[in-house]
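Handing you this structure, nothing more for now.
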Amino acid sequence: MSVATAEIRKNDKKPRLRIGYVVRQREMGIVLALVVLVAYTAINQPRFLGSQSITDILLNTAILAVLASGMAVVVITRHIDLSVGSVLGLSAFTVATVMQDNQGLPMVAALGLGLAIGAVAGVVNGALVHFGNVPALVVTLGTMYAYRGLTYSWAGGQQVTADEVPRHFLRFANSALLGVPWLVLIALVVIAGVGLMMRNYRIGRELYAMGSSPHAAGLAGIRIARNTLVAFVISGALAGLGGVLYASRFGTVDASSGNGYELQVVAAVVVGGVAVFGGSGTIWGAGLGALLLTVIGSALAVLDINQFWQQAIVGALIVLAIGADRLVAVRIARSLRKRDSHV
Amino acid sequence: GGTSKGDDDGAAGPASTASADPNAAIKEGLKIAFLPKQLNNPYSDVLAGGGEVAVGELKGEYKLVGPNDAAASSQVSYINTLIQQQQDVIGIAANDPNAVCPSLQQARQAGIKIVSFDSDASKDCRDVFINQATTQGIGESLAKMANELAGGEGEIAILSATPNATNQNAWIKVVEEELKKPENSKLKLVKTVYGNDEDQKSFQEAQGLLQSYPNLKVIVSPTTVGIAAAARYVSSSNYKGKVAITGLGLPNQMREYVKDGTVSKFALWVPSDIGYLAAYAGAALASGQITGAQGEKFTAGKLGEYTIAADGEIVLGPPTEFTAQNIDQFDF
Amino acid sequence: MTTDRSASSGPALLEVLDVSKSFGAVAAVQGVSFPLFAGEAHALVGENGAGKSTIVKMLAGVHRPDTGTLRVDGHEASWNSPAGAKAAGIAVIYQEPTLFPDLSVAENIAMGNAPLTRLRQIDRKSMRATAEALFTRLGVRIDPDRPARGLSIADQQIVEIAKALSVHAKVLIMDEPTAALSGVEVERLFSVVRSLRDEGAAIMFISHRFEEITALCQRVTIMRDGRHVCTERIEDLTVDDMIRRMVGRDLSTLFAKQDVTPGEEVLRVEALSRAGVFRDISFTVRAGEIVALAGLVGSGRSEVMQAVFGVDPYDSGTVTFLGKRLRPGNPRAAMNAGMALVPEDRRQQGLVMDLSIERNVTLPRAGALAKLGLLFGGAERREATDWTRKLQTKFGRLSDLVGTLSGGNQQKVVLAKWLATGPKLLIVDEPTRGIDVGTKAEVHRLMSQLAADGMAVVMVSSELPEVLGMADRVLVLREGHLVAELSRADATEETVMYAAMGQQVTA
Amino acid sequence: MSELRGRLASWDTVIIGVTVAVLIAATAGVENFGNGTNFTFLILDLLPIALIALPMTMIVITGEIDLSVASTLGLTSAIMGDLWNRGLTIEMIIPLCVLIGALLGAVNGVLINRLGLPSLAVTIGTLALYRGLALVVLGDAAVADFPWAFTGWVTGTIGGGPIPNVLIVLVVLAVIFGVVLHATPFGRSLFAIGANDQAARFSGVDVARTKFWLYVVSGAIAGLAGVLWTLRYSSARADNGAGLELAVVAAVLLGGVSIFGGRGSLWGVLSGVLLLAVLQNALRLQDVSGQALNIVTGVLLIASVLLPNIITGVRDSLHRRRLRAVPVKSS
């Protein structure tokens, strides 16, 4: 084939449209929605921006955000973890019981215990998914039941109440460092840490790669087994950590703590722009999703909108978010096909 | 044609035709089962504990079963199981007065006596109802405490259990009536919210109330879960001292908040006595001493003699008010 | 073995020794041996399905050879994963792009060996710089920050090339890297590859374009039906020699095309266009006629026929079948009107591998076989037995999963499935891809027979001998345009190939 | 012979066997399990799960999922209560509720098949949306005064015997679904779509339209289940059936339907439903807490996919070892 007959490629001339930014706009969309919502609510009810109100919203977001960070990692890897609510319950009850029996135990031990319980639960999930070759949806639906059953059969009808756990354990959720509550700090550290790992470290990028194309990931020599385990351990450990925070924040814990939480976490992740088919989305997006869901809840309460509308609005929002995501993707694909075609 | 609301299709429910024999001896070995709203609730635990004591005194067989969530339908399977196990008495705190009804009817057809307590089932599907206090009495007491804590005027709000909870709704209705009276005319009930008897939900509902109503003076929570959660939130927020919490609570759960000043006054009956009375009423029914008709009398162990009021209601007695002074005398 | 080791080459850098690989009943590679020398580009040629890609995948650690060994620097290689092959210094460009659509182009290139900062974080700046440098070397402009999703096939291929170049491998294996590229890019690629070669890397190059092979390679290995035919120095062979050894049989005897007088017009396609895929395609097909659609891989043949059948949409133009216009995008309507399409990708489009042979054969016909809307056991079984017997399909029992059959027998099941619908027009896309010589002849005999019985046949094929042997008329597509229509008499290897490549016949 | 072995190895056959075994064991070993009244209760308890599992089986066989079913049930229940309060006749309300269920299903169908959104995400969204709308419709109220003629029929039995009236509904629908899935061209296409939707499209199956109708049917059945639920408990409430979706999915997967689509049978699913209900009932009669059943459910669910995988894995590795054992030609 002679060189002379070949056409000059069109894309040599045109400056490239920067697709990366469009992807990032997904999160900008959430930020925008947040700003509008907060502004509207604040105009109607200035106290919404009061320090107590903001603290409350952040405190309420913190646990959801911690779990959403872990869930985002798993979803980015093209899996799902429906067991987080049960892991939270298991961890919350265990930690509360241990603290009840050992009043002198420091908070760090509680946090460590929760993380460890969650990590073990995550290892089981990850191992079943990878080595058992069982779809994550089936595995974690199964362990969702199993972990919950474990907590129930151990806890029975018992409840650990706020007055039975050590003071410092309860105070932890509300006391602050430089005005920022510990719970919020922990959530921020988790989002930043996991976010950094997913963005800037090899393992994070490999998780994105696995979610983006499992087949190509195998060909690229990525260590699928280790990475799958890591993803589930992160999700499990963060759910365990969430359990400690839950116990500390609410004080009263029983075997049903966190029941049904998994769908809320998935919702936060999806609203936060993490694609359910893996490969895209960010941790801070998931955190924003958690914040948005919480703010919607608080705003609707403050705006004196019938509280029954709240769940419907959240549902509609989730559907909307998925639809918008898809629309953007389709439009990009179409414009690229047209632009690059030689015909 | 067709059947629409209001058409009376002659709802069929078996009417009790048996007559009472006040002198009948209490049978031994009666199988008495307790089915509270949900299992993992300390109030339920204390309550059923009283029942266990009574069943022990009556030399019966005690059993405690129940769902983990307070959904309307989840008690039904348990009733069915208890029918299969041929219990003699079922004591139930109904999550929904109607949802449990068909099953309770079946139980009665199978000869099982039904004692509802704490939260009533529909009148025609139980034999007697153990009311912790008269609805009127509790409602008045709640309104009175709210008035005192608000200093006679200002905004108050109610944090209730589930939206369908029979007893809470009845009390709230009385509170609303009370507020129309002249001495309460400066009190304004701004909102009623529901924490579903879940700790977390109640906690967040309390938050929402305080945000929406900055001038709120009192939160009245006629449920033990709600009052504990609201007190915990307020004690850890900067609303502490500005907003008073009152309602119905367990002394053990509230002790901390009474001591730290968040709560100065709340009320409750002695829950274990409800269970205790329910067990004795059940035994009396199963032994034929009573049938549930108005005016019948029976003796409930250490609690003494009780008379059945209209609609098969048995009232335990007036609620106790707890304050910093007396709270240490109670342990439940 | 006919390996010619010229003294200048020294010892082999990588050696393939008597390797075999089967997939179920398909023996993809059987006892193949050849060496790759440092500083040399080595071509691997063979027809579709000859086993080239399978060899590549064994070298890459994707497949493990059933028997035989691979040697690197004289030592037996022991990798059994892509990571192992990578560590041994082997870089591979696969036939199908293997990019991560959600990651940026730069990340795709760096995946697995991204540059790290002191804190072990990924060094995006240097990653981007690396990508940009590679693109400059290849003479293309692709934004390293854009996601790989939405890249054209050509750009994807270039990213694959950049990926392989980025690792500075000892051995670079390229499976049809140029299939989607235009001349400029091919030239750039070759100059880069030449410089790598001259720096001492061993190159393995697979292509169906002989001028590329002669321009780049020093040595060639020819494969046929999974077997090694010969390994020679390139200057010892003419292109004709290569083709003859590749095809390895006499064209005239293999295909038993009967002569037919074409009947009524069955299909008329007018000005059919689909943005980015094909444009302004018009042709007709008559009863009893076999029309071949020839062209290079990716020229748009399959897309045209899929649009005609209705599984793909089209933007403009008309399809008239038996005098009636067909609604676009409705395969069911086309089917009911009497059209059948045997798709090119058996595994993805032709068969449902997890269903039984019986269910596959009767899938398009289930509605017709049902009585009162119900399918009683017997009807499907009878139909399937009938057609599989007609096509002499070999299998255990009708309830076996179709995925357990050999490739050739799978192909027969696809044919059975569509012949059972009694079509007036049969479109067959690569009817003999991946099936053995005997079956191939059978399929050809069958097609010829069907045409003689009055069925119209459109055959898309990449195999020139098949096209020349079977077709009454040959249509040639190039880059989505219909560039030539040749009668049986005019169609020769040269005329078809030159039309497909866009060059005049200069004799 | 080998066909028989193939059937024996498939999970749905195993689960039918396990169910029969558990049934026999429970009848023999658990007091009061075998009597008629208990049978009535058993059927009434499993009815909503069994009903919703019928279309869910089809949806999962096509490789999709519908998590919004329980919320659809709740919403139709709430609407039923609301319409009843507004004075509509029950004879009108019931078909209307089924229709509304179908409409809610159609919304899912459009979002998933027209817009091409992933079904898992969409139905998590509508799960929240429909439940929320149920609260909007009925709020915290409960409507309880449905006519005895209807509530009594739902809880009643045929001639006062052990067979509940509603079992007729279930049997009729199960037969219809079974025949459609296993003996009609439509059913054939569902398996084809699930195993390879591209090949199904190339075979003339309208994949998007087929899936759309499945969601409509799923919604309609969930609506019917909502009606029956409301009548059984004489209570229309917004929270009716909350959390039921996961029980249904668990039963479907336990019944041997592959979550990736293309494989499964309705009989397997129905025995999965029955197995879970029998275990729950028998354990409760034995005074084993319902919580232990959570563990059993979870473990069964994972085992139902894990065990066949392990078996094929072991078989493959044995096969490979045999291949290796053949002496390699030396060059």
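The letters A, B, C and D name the chains in turn, as written, and every chain counts its residues from 1.
Heads up, the rule we're going with is that a contact is a pair of C-beta atoms (placed from the backbone, for glycine too) under 8 Å apart; a residue touches a chain by one contact, two chains touch by 3 or more.
Since the structure is predicted, the reported quantities are computational estimates derived from the model, not experimental observations.
A comparison of the A-B and A-C interfaces places the larger number of contacting C-beta pairs at A-C.
Averaging Cα atoms per chain gives one point for each, and the point farthest from that of subunit D is the centre of C. Subunit A and subunit B have Cα centroids separated by 39 Å.
Centroid to centroid, with C-alpha atoms defining each point, subunit C and subunit D lie 43 Å apart.
Here the spacing of subunit B and subunit C, counted between their Cα centres, is 75 Å.
In subunit C, there is no position where the chain touches two or more neighbouring chains simultaneously. In subunit D, the residues that touch at least two other chains are 139-140, 291. Contacts with at least two other chains are made by residues 68 of subunit B. According to the touch criterion at the top of this document, the contacting chain pairs are A-B, A-C, A-D, B-D, C-D. Within the complex, the subunit D residues that touch subunit A are 65, 111, 115-118, 120-122, 124-133, 135-136, 139-140, 238, 243, 246, 249-250, 253, 259-260, 289, 291-302, 305-306, 309-310, 313. Residues 80, 82, 128, 132-135, 137-139, 141-150, 152-153, 156, 255, 260, 263, 266-267, 270, 276-277, 306, 308-316, 318-319, 322-323, 326, 330 of subunit A are the ones that touch subunit D when the two sit in their complex.
Within the complex, the subunit B residues that touch subunit D are 1-7, 9-12, 63, 65, 67-68, 71-73, 76-78, 80-81, 83-86, 96-99, 101-102, 106, 110, 122, 162-164, 194. Partner subunit A is touched in their complex by these residues of subunit C: 60, 62, 81-86, 94, 98-104, 107, 111-112, 114, 116, 120-122, 140-143, 145-147, 149-152, 154-155, 182-187, 209, 211-212, 275-279, 300, 479-481, 501-503. In the complex of the two chains, the subunit C residues touching subunit D come out as 17-18, 31, 33, 66-68, 311, 331-332, 334-335, 341, 343, 348-355, 359, 362-364, 366-367, 369-370, 373-376, 396-397, 399, 417.
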